[in-house]
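The letters A, B, C, D and E name the chains in turn, as written, and every chain counts its residues from 1.
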């Protein structure tokens, strides 16, 4: 699971029928070197600019809202807060987004 | 899920019987550092040069058109449009393809 | 499976219903180049600063405590000790956390 | 799925009983930065030097010849030909093997 | 599947009940850039310094000895020998361990 920021959306009319109704958001990982953007299906009503929890891999198909869709990344939560131990803060810098 | 560009095709006569009829396309990721090409099975009729949605991992076997094929990357949509929030555009540059 | 250090926690009120009650910890891999932080669900009562065993991918859903949650990284053990063969120690340096 | 070149073989007498009879080949990815070698089980009769299609992850267990073996990479085809669109050729250079 | 070298062991008293009895070894990949260490469950009686075959991902749960344990990397064989085609040897150098 990664903490990401929602930066945009993508639309596709011609797609797998099991993707009908899926809200596809573009997210950027906020920590570490994983700077690569991902397309994640949103199931919790996330908006542009929000910090979200994103799961990847087969687990992305096991979200409550829509089990079994051909999705390999899902937004499963909207971050309220993050708490880092005082002596760890220097190793845990947010990517400059 | 990644946004990729279709750049070519690959043919293999001698292959797993469950791959018979699979249309194998070569795709290049368009964003971030994931420059590595992938071979993805196309189930939505994508053409060379088109921007497509590609899923990877076990989920690639769960596409409607052909469940259970020994495929680990599938094209599941053709991109109509992408919308990036104004203040995020600088972090979301398209790879120079 | 990776050896990681627990460095913090993350809270999300709005989330997948199957994540209710999940204790989400921020962990940093301790060895090799995998410096990227992960959010892992804790099922063994790990605390900040502890060295833990973290599994990733679909296997993270197969922990005894809570099978089937939409989780792709889980803490499955708290490290007591690590033993490295004398002549291998130089190749196995702990990341400076 | 990746296009790889078969560069060698590996033998192991002491192994998981479900690996009995598996032909384990060493393959090198031919395109992009994925220079890392892989051990893949061969199910299509590939030989040294041949260009092959390799799938990785759980899907590698879903090949027709031997479902369920503890394998995470399988050779599922022998490449006949590759066609790259004229204007994409510069981005799709073969690794110097 | 990767060829790795066993370099140590890790112990954890407080762990998932399904990990009871699992022999957790520290292994280092021997080829390519995958220098990152892994913790793999050993099911074939591997010892320190031995070259072993390691599978990762969900497949690691499908070993004969203990199906379904929350493991994402398993040792499934002990390497007898490796044969690399003469003209490929320069691309297949062993990591300096």
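List of remarks:
Here is the rule we use: a contact is a pair of C-beta atoms (placed from the backbone, for glycine too) under 8 Å apart; a residue touches a chain by one contact, two chains touch by 3 or more.
Computed from a predicted model, the values in this text were never measured in an experiment.
Steps from subunit A to subunit D, taking the shortest chain of touch contacts, total 2.
Under the contact definition stated at the top, no chain borders both subunit A and subunit C. Looking at subunit C and subunit E, not one chain touches each of them.
Between the two copies, subunit A and subunit E, the C-alpha superposition involves a rotation of 145 degrees in steps of 5. Each chain gets a centre from the mean of its Cα atoms; for subunit B and subunit C, those two points are 31 Å apart. Subunit A and subunit B have centres, each the mean of its CA atoms, that are 19 Å apart. The set of subunit D residues that touch two or more partner chains comprises 57-58, 60. Contact topology of the protein chains: cyclic, one closed ring where each chain has exactly two touching partners. Begin at subunit C, move on to subunit E, and keep following the contacts round; the order you get is C, E, D, B, A. Residues of subunit D touching subunit E in their complex: 5, 7-19, 24, 26, 28, 35-41, 48-49, 57-58, 60-61, 68-73, 97. Those residues of subunit B that touch subunit A in the shared complex are 1-3, 31-34, 43-45, 53, 55-60, 62-65, 74, 76-85, 88, 91-92.
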